[in-house]
Amino acid sequence: MADPMKIRAVAQADRIEVKILMAHEEESGFRKGADGALVPAHFISNVSVRLGGREVLRAQWGPAIAKNPFLQFAFRGGARGDELTVIWVDNRGDSRTDRIPVA
Amino acid sequence: MDSIRREMIRAGGLLGVLAAFGADAAETAATPALEWNHAAFEAKTVADALKVLGAVVVQDSAELQLTVPEIAEDGAAVPVVARSQLDGTRQIHLLVDRNPFSLAASFDFPEGTEAAVSTRIKMNETSDVVAVAAVGGRFYLARRSIKVTIGGCGG
Amino acid sequence: MRARHFAVWTLLVLAACAAAPGAGDSSQTEEALRASFRARGQAGLDRLQQTPLQRACSLAPGQDPPGEVRKRLEQDALERVQFPPDEHWLGDWRRGEKIAQSGVGLQFSDPPDGARGGNCYACHQLSGSEIAFGTIGPSLYRYRERAERNPDGVRRTWIRIWNAHAFNACSTMPRFGDAGILTADQIRDLMALLLDPQSPVNR
Amino acid sequence: MHRLGLAWLLLAMLGSGARADDPFASYRELFGDDNPAELAVAKGQELWAAPRGPQGVSLAACDLGLGPGVVAGAYAALPRYFADAGAVMDLESRLLHCMVTIQGFSRDELAAHAFSERGASQTDLEILVAYVASQSRGAPVDVPQSVREERESYARGRRLFYRRSGPYDFACASCHSLDHRRIRLQELPNLTGEEGARSAFTHWPAYRISQGAVRTMQWRMADCVRQQRLPELVLGSQASVDLITYLGVLARGGAMDAPSLRR
């Protein structure tokens, strides 16, 4: 199972700034392994961030996102204590969901 | 890579994914969070990727700011910040000219979310990085060059 | 010749030991060292064995070997230089640039039989267009202009690459010819990179 | 125009141009403090407390020098002499010692897979190092020289630092004894003085961007030695600990700030 994400969501008035670190290999599909063969691509393909039932960011990613991906963005409408949910899905169908309260 | 993904989803990966969405599963199925634009991500040039994304007419805009380092210490992770000040920006795409596949990421900004994102991308070699903002049916572009250097003791 | 060398090395070893830095008994250090390494790939434990030159130059700053020792080290290094027999000094600067860029070779992680690089850019500026250059050694950009000021410039350049200790007893530059890191042909290509007017170093 | 948060403004300003003396200033500023090593730190905290190994116990009884189970500040005072082992140990030697003597793991197996391969997950040792080091953030480096063994370790380390050998005639000092020098574009700390030693010692372990992994101080030493064209420096060997002691003693008084982010 994938490792937990590191999420920070900090509210200033009604603006919430989100920083996320995800644990993922992000194999490009172009790297050769120790045996000389190409290591198959393995990367996060979709990301969704929600505040309660409302989606505040959605992304599609290719294999060119750096290993252990970092994502930062900000949105309005929300308050300290609201629950932020981050979900990623990768190209093998593995996924990870983490939730934190907005600080 | 798309075939791997298709297989996994066909093989039941999708169920696990939906379960991960918990209480929102039904809603998730309705809002297609699992869309993945194969054709765009498989395009080998920025021009081809933009064509697939529907961005046929693209104009430069100073209102779309792309902040990157001029020189990257390593191509394995290059920080990129894209921010659109164009009202009504709903999407930003990040592309790398000289990567094997040009499109790196597409971000959707729902109402209430600032059209700005900071992330880290892989770069195969020295290249231009391109951000494209979708505003209604129009597309705006910003381009920066990043030098990817050889590091350390070599070898 | 051999007897003279032996005398020189004995002198050097004694000088080095006398000037050795700080506390600690050197035989204890040597013992700990051997037990701390494992032979791997092409790098055997024999690589830990110091040559007299290495031992004499293993001193802390400000504790350089005395002038007499330095002179002998330089003289010995010079005597060991092998020059190209046909006075054919310059090879191909394009190949030279590749050799200067590559840091591959002699690490336990490197293929033992593969081509080795000189890794010149790790320490020196060379071509004007390569921004990723080190500053451990002097800039060699526009090297030809400087070499031409010395009537012996070409020969001295060869000596520096072959064994830089000929001019500076305890130089930190590897002995690319003397230690067999690069072949004479590769050194010719590096000479061309430095001295050919068409080379990006001189344009 | 959107109203912008301070952070965005800062990012935009910092990214606008590199300082002349450091070509990577804007690259590093844009990276900011968001260090993927934090993912390993979080895992390490759980690993430290989890019952593991053939003995099925946690590392709560592991003494890193400040008493059993005390992690806070311990890394800043290592290497040090441990009477129970009769040796000066750095963090990694001590963690291996605890994992073997307390949890019952096989030393050979741990040592054989101490550092993660490219593309593989971080090893338990790397994860524990990231966590333990993080618990010394801000603490002043206080590597002791109280007993004879610690002073001898420093003296041996210092001698090794200057010792030239191998086909390239390299010593640590070949690259690390001058101020403001670079290899390619990477700055080389001058490890013969306090300033350089502090900047190196206080920033390891580090998340290596080029490798996408947390790398430890033992790894740093071993990889420098590999590039010196020497044979493999054995994990936890006396020479490895001596070099770390030498560096740590020179770095005393610096503030720990690891795991850091490095190329």
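Letters A, B, C and D mark the chains in the order given here, with residues in each chain numbered from 1 onward.
Just so it is clear, contacts are C-beta pairs under 8 Å (C-beta built on N, C-alpha and C of every residue); 3 or more make two chains touch, one makes a residue touch a chain.
This one's a predicted model, so the numbers in the text were calculated from it and none came from an experiment.
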Selected pair, greater C-beta contact count between A-B and B-D: A-B
Far-end chain from subunit A, centres as C-alpha averages: C
Computed distance of Cα centres, subunit D from subunit B, in Å: 35
Between subunit A and subunit B, centroid-to-centroid distance (C-alpha), Å: 13
Distance from subunit D to subunit C - Cα centre to Cα centre, in angstrom: 31
Inter-chain centre distance, subunit A versus subunit C - centres from mean C-alpha coordinates, in Å: 49
Residues within subunit D bordering two or more other chains: 8, 23, 183-185, 212, 227
Junction residues of subunit B, two or more chains touched: 71, 76-78, 114, 116, 118, 120, 149-151, 153-155
Shared-contact residues (touching 2 or more other chains) in subunit A: 26, 66-67, 70, 72, 74
Partner subunit B, residues of subunit D touching it in the complex: 1-2, 4, 8, 11-12, 15-18, 23-24, 26-28, 30-32, 183-186, 209-212, 227, 263
Sites on subunit C touched by subunit D in the complex: 20-24, 26, 28-29, 32-33, 35-40, 43-45, 47-50, 53-55, 57-61, 106-109, 121-123, 131-136, 172, 174-175, 179-181
Subunit C partner contacts - residues on subunit D that touch it in the complex: 23, 151-152, 155-156, 158-160, 162-171, 173-175, 177-178, 180-185, 188, 192, 226-227, 229-234, 237-240, 242
Touch list for subunit B against partner subunit D, complex: 65, 67-74, 76-79, 81, 83, 85, 114-116, 118, 120, 149-155
Of all residues in subunit B, those that touch subunit A in their complex: 1, 4-5, 8-9, 11-14, 16-17, 20-22, 24, 27-28, 31, 33-37, 41, 76-78, 96, 99-101, 103-110, 112-114, 116-124
